[in-house]
Amino acid sequence: YETFAAEGRVRRATGIVSTICDDRGEEPTYGGVAISDLMAAERGIGDAISLLWFKRDLPRWATRFIELVLVLCADHGPCVSGAHNTIVAARAGKDLVSCVASGLLTIGPRFGGAIDGAAQVFLDAHDRGLEPDEFVADMKRRGLRIPGIGHRIKSADNMDQRVKARNLVLNVDGAVANAFLDLWASSSSFGREEIKEMTQIGYLNGLFVVARSIGLVGHSLDQMRLKQPLYRHPWDDTAYYCE
Amino acid sequence: YETFAAEGRVRRATGIVSTICDDRGEEPTYGGVAISDLMAAERGIGDAISLLWFKRDLPRWATRFIELVLVLCADHGPCVSGAHNTIVAARAGKDLVSCVASGLLTIGPRFGGAIDGAAQVFLDAHDRGLEPDEFVADMKRRGLRIPGIGHRIKSADNMDQRVKARNLVLNVDGAVANAFLDLWASSSSFGREEIKEMTQIGYLNGLFVVARSIGLVGHSLDQMRLKQPLYRHPWDDTAYYCE
Amino acid sequence: YETFAAEGRVRRATGIVSTICDDRGEEPTYGGVAISDLMAAERGIGDAISLLWFKRDLPRWATRFIELVLVLCADHGPCVSGAHNTIVAARAGKDLVSCVASGLLTIGPRFGGAIDGAAQVFLDAHDRGLEPDEFVADMKRRGLRIPGIGHRIKSADNMDQRVKARNLVLNVDGAVANAFLDLWASSSSFGREEIKEMTQIGYLNGLFVVARSIGLVGHSLDQMRLKQPLYRHPWDDTAYYCE
Amino acid sequence: YETFAAEGRVRRATGIVSTICDDRGEEPTYGGVAISDLMAAERGIGDAISLLWFKRDLPRWATRFIELVLVLCADHGPCVSGAHNTIVAARAGKDLVSCVASGLLTIGPRFGGAIDGAAQVFLDAHDRGLEPDEFVADMKRRGLRIPGIGHRIKSADNMDQRVKARNLVLNVDGAVANAFLDLWASSSSFGREEIKEMTQIGYLNGLFVVARSIGLVGHSLDQMRLKQPLYRHPWDDTAYYCE
């Protein structure tokens, strides 16, 4: 018995703790709600995310907003880092999951992964009561780029329909961050500290990851269907500085 | 000019061909439909997938079915291969995208990636007019496992609510494969050869990848929030056969 | 006690079995040899691989050959699929491990991952006593590409120094496969069935994975040092066929 | 001509810059040295890394040290995060590259990826002339963990043979960081700023990535050879806190 107890302690120490989905019963539950109940009630992906990530049964307008973000970010063409790496992997004859993973691994500070960073600085600026130009001046003084601002190819002259800004081009990451801060503020069930923690952990970038996985799967299937050959980057587009 | 033309030819040969999303205009289009039109018409993720992958504006019942599959497959708890690897990576202090990728890379023939395989054998059996027991006998004779049948822990005694079977336990992969074959058959816009090609390329496994990315993001966020320490698999659960 | 025993059984069934490296003692052993003994004896990476993968203390000429293969395959420039994806990820501001993983995931049938396939067909042709042109004719008749033959840019006119062939251009994968079959044949300690099994499992592609990880780390560090900005594939190199 | 020039500008802006390996000639060169010259001169992996990463033809004692680090870090058993995720992926029936990538993605601040961090703090402490206990006190005051110190299972009572420390257990990351700082200092060809930059970019973690890829390939091959079934983490080792 002692051995058993000792072992029990060891196992407790190294075991897994998990709080999002309970699969011990007849069917898994998402945040306490059985999948079949979700399906019977005609609930959608916004509800599943809301239960699994936010552990809350958010109202329809909020879950619908989550779904809009997923649609908006599902794909932005074959030229961006994520789609490009997925396409190169697909043309190397790799399986779907490898292609998607190769593309996902480019999501980060410069591509798709600035949503939480943007939410953090916007929230902080709001809390400190900064006016927009004070905020910009402050970031400049600290030598920091404003996450959620800037786009590799869009400029103020060639402005994206979806985002509006006078002298700074808000990119998708910034727009989603802004809208989500409003959502959290409008829903009475999130505390200030919890909101801050979620942006530090990266909840909003999680939405981009799920959304863009739709596009990356799409690009893999597309290249496979088109039977595209092995990609090799052209030599004449490469500058070699090797001694 | 000649140089230019020559170069033009080179570039055409090594360039990218893509057919799912056009990002050259003011805003990206999914299969020809502008994102803002999709959003204005209150369309959802099923529509985005249908336009990006299937290049068709499928009817509501079909896009709704796609969304149901995503909800059904979003997560099945922390113990399965994908969630487990994501949890271990999160506990190693890794960023969200790395955690999700580490888990996704376990999706394959034994976990989540048997949907297209199941669709292929079911379709083939149907085309050859085989009765269920003839089909099973045929697979047995050829020494092949039936994809979509079997589950690491469910048994006929402890049967999952969602799937019903007399003597074989159809798993989620098998159930989704079956339902999708019906969807394709009911929608007049898919030809037989195209359906076969899609199952060979892996369209249905793509749905599982997108769905489970929701759960994997959820598990990452969960572990980060819980500040779980580095995981180390217990020595006493490991058999070493090293000479 | 019964509970304990029952639990013991469960744990045995789900536990890990491992045979390459024992870390239970004061220091890990590779195939039974302590790391400090390896280091004291001035042994190298070829020895570590030989002990961990082949579970044998291979003679110096063989471990030295393994090291030569690693040097030969460490890098082949920035334009190939693996290096390219790593470079794109590095320019998206990602961490070293993500960049390397994004590149590694392109290794497969068309890039770096045809060594075992080549070894299999060469071994089989040798066993069946086929002459080179009979072998080529046989593969052609069966509509199969010969793994280890062909290169995206090298042609017979512009032949690589390292490989020689009259009318077929043997690529690196093919050359390594050939040499390794000789190594296995020369070393009396590998049986025919074991050799076949190793090529089916993918031991030789494993060498390429380790070797190229050197180059992929190198490309990541290079891009970071050069502070290269976000990569976006040029629109005018992309053909869009979206309706 | 104007069009051409305009296009030229575009392409220059989006093109690739690379400095480690030139593959335009008859055969690739590593930092200017042809592969066949390396092989003819019986050079090893330490030389390849030294040329590709450090762009220098380091002396034999230095390249030999690099090789020792690779041997030392090649594998530390099946229970650590990296090996564990690779094993789980292999048991899910995945290909070699996916298994290795799934494991590599766990390398980070808590597992294998603290070498550069350790080098940074050690270098800084040395520059500021801090005594060991002043250094420890300083880190404690700032509430920071000392990278390179601590091990999930080793304690001062059960001290690893390879590392020696009186009251703090230096882990492998810390030991390698220390030794590499000595190497850089002993070699006259590295400037202080360059050393600092290399630890910020992550050169030393790169060594761990290459080294451990040997072990991860080994674990994949091992599980495939042993034909291990799908892994599922035991329910009774999991604590569910779902409402």
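Every chain is named by a letter (A, B, C and D) in the order it is written, and numbering of its residues begins at 1.
One rule holds for everything that comes next: contacts are C-beta pairs under 8 Å (C-beta built on N, C-alpha and C of every residue); 3 or more make two chains touch, one makes a residue touch a chain.
This is a predicted model, so every value here is computed, not measured.
Colleague: For copies subunit B and subunit D, work out whether under half or over half of the interface numbers are shared, and give different or same accordingly.
Modeller: Over half shared, hence same.
Colleague: With chain centres defined as mean CA positions, report which chain is farthest from subunit B.
Modeller: Chain D.
Colleague: With chain centres defined as C-alpha means, what is the inter-centre distance between subunit A and subunit D in Å?
Modeller: 28
Colleague: What is the distance, in whole Å, between the centres of subunit A and subunit C, each centre taken as the mean of its C-alpha atoms?
Modeller: 33
Colleague: From the C-alpha centre of subunit A to that of subunit B, how far is it in Å?
Modeller: Distance between chain centres, rounded to whole Å: 19 Å.
Colleague: Where in subunit B do residues touch at least two different other chains?
Modeller: Those would be 11, 14, 16-22, 24, 78-79, 84, 95, 97-98, 101, 105, 107-108, 231-235, 238, 240.
Colleague: Within their complex, state which residues of subunit A touch subunit B.
Modeller: Residue positions touching the partner: 7, 10-11, 14, 16-24, 26-28, 30, 35-36, 38-39, 43-45, 47-49, 52-53, 67-68, 70-72, 74-79, 83-84, 87, 95-98, 100-101, 104-105, 107-108, 113, 160-162, 197, 201-203, 205-206, 209-210, 213-215, 217-222, 224-226, 228, 231-234, 236.
Colleague: Can you list the subunit C residues touching subunit B in their complex?
Modeller: My answer: residues 11, 14-22, 24, 29, 31-32, 55, 95, 97-98, 101, 233, 235, 237-243.
Colleague: Under the touch definition given earlier, write down the residues of subunit D that touch subunit B in their complex.
Modeller: These residues of subunit D touch subunit B: 4, 78-81, 84-85, 88-89, 91-94, 98-99, 101-103, 105-111, 152-153, 230-235, 238, 240.
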